[in-house]
Amino acid sequence: MSAIENSTLAIVGAGSVGTATAYAAMIRGSARHVRLYDIDAARVEAEVLDLAHGSQFTGASDIDGGADLKHVEGADVVVITAGAKQHPGQTRLDLAGTNVDILRSMLPKLLERAPDAVFVLVTNPCDVLTVAAQQITGLPSSRVFSSGTVLDTARLRWKLAQRAGVAQSSVHAHIVGEHGDTEFPLWSAASIGVTPLLEWQRNGLRVFDAEELETLSEDVRNAAYKVIAGKGATNYAIGLSAARIVEAVLGDEHAILPVSSVLDGFLDIHGVALSIPTVVSAGGVQPVTTTPFAENEAQALRDSARALAKVQSSLGI
Amino acid sequence: MSAIENSTLAIVGAGSVGTATAYAAMIRGSARHVRLYDIDAARVEAEVLDLAHGSQFTGASDIDGGADLKHVEGADVVVITAGAKQHPGQTRLDLAGTNVDILRSMLPKLLERAPDAVFVLVTNPCDVLTVAAQQITGLPSSRVFSSGTVLDTARLRWKLAQRAGVAQSSVHAHIVGEHGDTEFPLWSAASIGVTPLLEWQRNGLRVFDAEELETLSEDVRNAAYKVIAGKGATNYAIGLSAARIVEAVLGDEHAILPVSSVLDGFLDIHGVALSIPTVVSAGGVQPVTTTPFAENEAQALRDSARALAKVQSSLGI
Amino acid sequence: MSAIENSTLAIVGAGSVGTATAYAAMIRGSARHVRLYDIDAARVEAEVLDLAHGSQFTGASDIDGGADLKHVEGADVVVITAGAKQHPGQTRLDLAGTNVDILRSMLPKLLERAPDAVFVLVTNPCDVLTVAAQQITGLPSSRVFSSGTVLDTARLRWKLAQRAGVAQSSVHAHIVGEHGDTEFPLWSAASIGVTPLLEWQRNGLRVFDAEELETLSEDVRNAAYKVIAGKGATNYAIGLSAARIVEAVLGDEHAILPVSSVLDGFLDIHGVALSIPTVVSAGGVQPVTTTPFAENEAQALRDSARALAKVQSSLGI
Amino acid sequence: MSAIENSTLAIVGAGSVGTATAYAAMIRGSARHVRLYDIDAARVEAEVLDLAHGSQFTGASDIDGGADLKHVEGADVVVITAGAKQHPGQTRLDLAGTNVDILRSMLPKLLERAPDAVFVLVTNPCDVLTVAAQQITGLPSSRVFSSGTVLDTARLRWKLAQRAGVAQSSVHAHIVGEHGDTEFPLWSAASIGVTPLLEWQRNGLRVFDAEELETLSEDVRNAAYKVIAGKGATNYAIGLSAARIVEAVLGDEHAILPVSSVLDGFLDIHGVALSIPTVVSAGGVQPVTTTPFAENEAQALRDSARALAKVQSSLGI
């Protein structure tokens, strides 16, 4: 009937991450239709109402949702935020078993309702869950991936931009690897504008040295713990990260973002999902296998892979 | 030093409303600088971090904050979300005493730090608190006002738009009066495009009748209770409403919004704050005293005023 | 292959109006794909290059085009700006014959390439051309319409907002009828916020009287002539108007805009295209037949219709 | 009176570049107030009207202007587009003499009206004019600069993005040097994501080789000539470039952009303005002197400098 079939984003999970994603997506106009699904009917209906009440101040996005799977029907992108969440002190890997079980019960139903969707996992531990999700759905690895280190990268760039005294858009740096304790920055390719980090000056003086970079990368690794300690959860930044990824998919942008998908031979890593710079488009994701890794960086990525493979094996995936 | 002094928004209170306001303001670019202040240092620092971590995906707004009043220094707009919050079952008026006391202790310090700011109250019961705040600060009533029925109006327009089958931007209707149980729509001036509500047709059939309008206006009055019952609080829609009001101030827009400020003679109402269509600009607010009220609407507004005057008197303001 | 088929806007005519439309659409992100088609290959290729060179600074919209009809292929919306243009001193109606002939040769080819598109005419005299276009294409009147008095309405609101001292978004007024010399404002339904125009006060004094409104409506009627006298053409405002209409279609907004489509019985007018408030969505347009017209306004619209019917008859349509 | 003094952009010159800059700035909301000044009253008034008529569809930016210098009063940024323009076949340097004379007569008056403004030259040959403008005004080189190779860089990134199959935001490359025939890309620091250009693969195959890069850089150098040949001028892309630069200044962004300012010792170049990556903020510009240049790139920049110094000397600057 209509000239164009407009984009639909379905968000699974009406907790603080799912609703922050919906809020960011509505304000940014990331999708024409935003749908929120959760098994807790009272909660999801209240969240949908609260979001809808703000829609006068946003653009053409509308919001709907509830506890019925019909709200996932025909979605172009499904963002999965449902799952047990990381508690203060808990590592992301501790969550794995519970959340794999949740995916096992949930994904087949979602896939039935949205058979052509691109699936984006935000639930942690997202790398392990990405492998599980791919196995459960049988989809090509391009169509099931997770937000990976997109958020960690944003955390790093914020810190670097502040220290360097420049706009974040002029900071080029990536966190890669596991979205978790073994993640690390690709320092060898990091720059402010086109100036290598260690050469960058402010008021005639160098800003960074190797020691500070080490501290920064530790800060980023621990950022989630710090936020969780203070407010009990992280939600706003991950909500924006998820909305940004959704835009790259729905807009068929071919933007390069460090999302996590199952690797198939990059640096000899197979069957483990890790974040490296990846082209994100309407067709899904393609890891950039020409990304240069210094030898120590390659080693660190392989170490991450080994650690994750062990977790996967202990979970039977 | 710099070509222009950029706009600063200080948000007081790092609870779910204050942080949703900060999040919406950052994503929309409502202010160049967003500052979050709360007496709970651990909480506010965690919230600031979480918001800052998302700033790679927003425009030029930056975020800072903490438990030190210096974060309010020189703000152009101060949005106050701090206060005891409305519990399930509790009326907005029950909150009054506690929150007036909070304003008494807090406002003088805020005014000292941001002596030229426009103050926007979001804390409830916002009408009564507006009167208290004006008395406490001694500012002209143009510079201390509250979000009033901006959110209620958004709720009404969302419902009307859905029923009418049109964009919300084509729905013209206002909720006026108390942000609370005695609020009511200005039906006499409501329209879809330029068609009076009761005349509007969809597929050749009238959509609205008097009974349905009554139901809609009751739904809007009860919307907050419904959201609170389901998720324990309202935050997203009020965050967007607050960001929208901030934009009207910082952008010197002279937009007409139903905010609540102390009335001085409109329909013979004095010394009570109620929402009517109001011009919002960098100079603050000016209620539109030419707004036509049908006789029953005028009566309803005077009734609201009498009810609020009683509350004020029992609170000693 | 991809998760979603993104929206395509084809603009026909690479003159100053067509390129301003493309520029506005790219900057606003009105469509994912913007295509520019013109029979003058050298010109259209240069314009596409100039637009593409700016695309680093816009969002995900891309631009392409040329003198080959393939650039119209599969478009969701086709905006037609091609045609002989209005010269200083010339009335819009003088252009009619030439531009009907152009439509006769061009529309069948466009329809073949974009059989499911919504067609928006910007070429003048747009009302007469809308009737011609509907006859030539045989499409339902919902799918062939023109920008009508959207631009004239914007001109009026700008003037009223300036005089009233409020944001344009708070001015409610429509120019209806012919996009030309017999157009007129629907004063009976015009307001600032919800205050009727004649009641509006600024600093305690009434702003408008009947005489001034008459002057304003004359100014609007003559605005195009004034701009053409000074710069030889109008292009920027009509470019924005066209981009706005395109967004209402592609976003399936159901926004109410005074576009012009063939009327079928409204106020007993048949077979003539005139602008009245109209719902614009992905399915095309639906004139709001419940729009209240005062008796003198209804008479004025019928007069416009008679004048246009004469022109149509002299053109054999 | 008001909470904040809003940003004002004054554009000098109401030709196709000045008006495209104003149009882009209004649509993007680059400044709260956009002012257009030109000595041709009829022309500038018509352009202001045409722009203002579109303002219903833009945000809070307003537009004003005319042939009176009062429109430049108090501007925060002044963008200069006035001057004789480049004709088909003419080199940018041929224009120099005429346009230096125009600056000599115009700049003192502009500076008197906007003594605290940042001045951005868009008129060509922009590098030579930047030196002249600094001498005429006596301002520090941070406050007088030109758009330089911002546009050339955008042209290069568009081409690279198309060939590489990625979003433009994922292409990192800069054109530096003269905005003209001796400009060149900093290939040594160019990348797609973090992959060096020559390593980038699409569908498993390398995309670029040295020869193709040479062709691309020649295409960019000749892009303006190509556009001018087809449409008589370039205006849309340069308008967007100028609006983007204005945002970096007014938003105090500290974004890194290849604008052109008078160099004072970088690679031993003195007293000549050339584009290198430069931090742009409300305080003006700071060239990034740590930008790595390969030896052949440094040589090319010094050659550009020598060529421009000769021109300057022949012009008595």
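As written, the chains take the letters A, B, C and D, and residue 1 is the first residue of each chain.
FYI, a residue touches a chain if its C-beta (ideal position, glycine included) is under 8 Å from a C-beta of that chain, and two chains touch if they have at least 3 such contacts.
A quick note: this is a predicted structure, and the numbers were derived from the prediction, not measured.
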| item | value |
| --- | --- |
| Per Cα centroids, the chain farthest from chain C | A |
| Superposing rotation of chain B relative to chain C, computed on C-alpha atoms, to nearest 5° | 180 |
| A-D compared against A-C, more contacting pairs | A-D |
| Centre distance in Å when chain A and chain D are each reduced to the mean of their C-alpha atoms | 36 |
| Distance from the mean Cα position of chain D to that of chain C, given in whole angstrom | 34 |
| Centre-to-centre distance between chain C and chain A (centres being mean Cα positions), rounded to whole Å | 42 |
| Overlap residues in chain C, where contacts from two or more other chains coincide | 60, 167, 253 |
| Touch list for chain A against partner chain D, complex | 165-167, 169-170, 172, 174, 186, 189, 191-196, 199-201, 248, 253-256, 277, 279, 288-292 |
| Residue ranges of chain C in contact with chain A within the complex | 1-7, 32, 59-60, 76-77, 116-118, 247, 249-253, 281-284 |
| Complex contacts: residues of chain B adjacent to chain A | 19-20, 23-24, 27-28, 42-43, 45-47, 49-58, 60, 151, 153-155, 157-158, 167-168, 223, 226-231, 234-241, 243-244 |
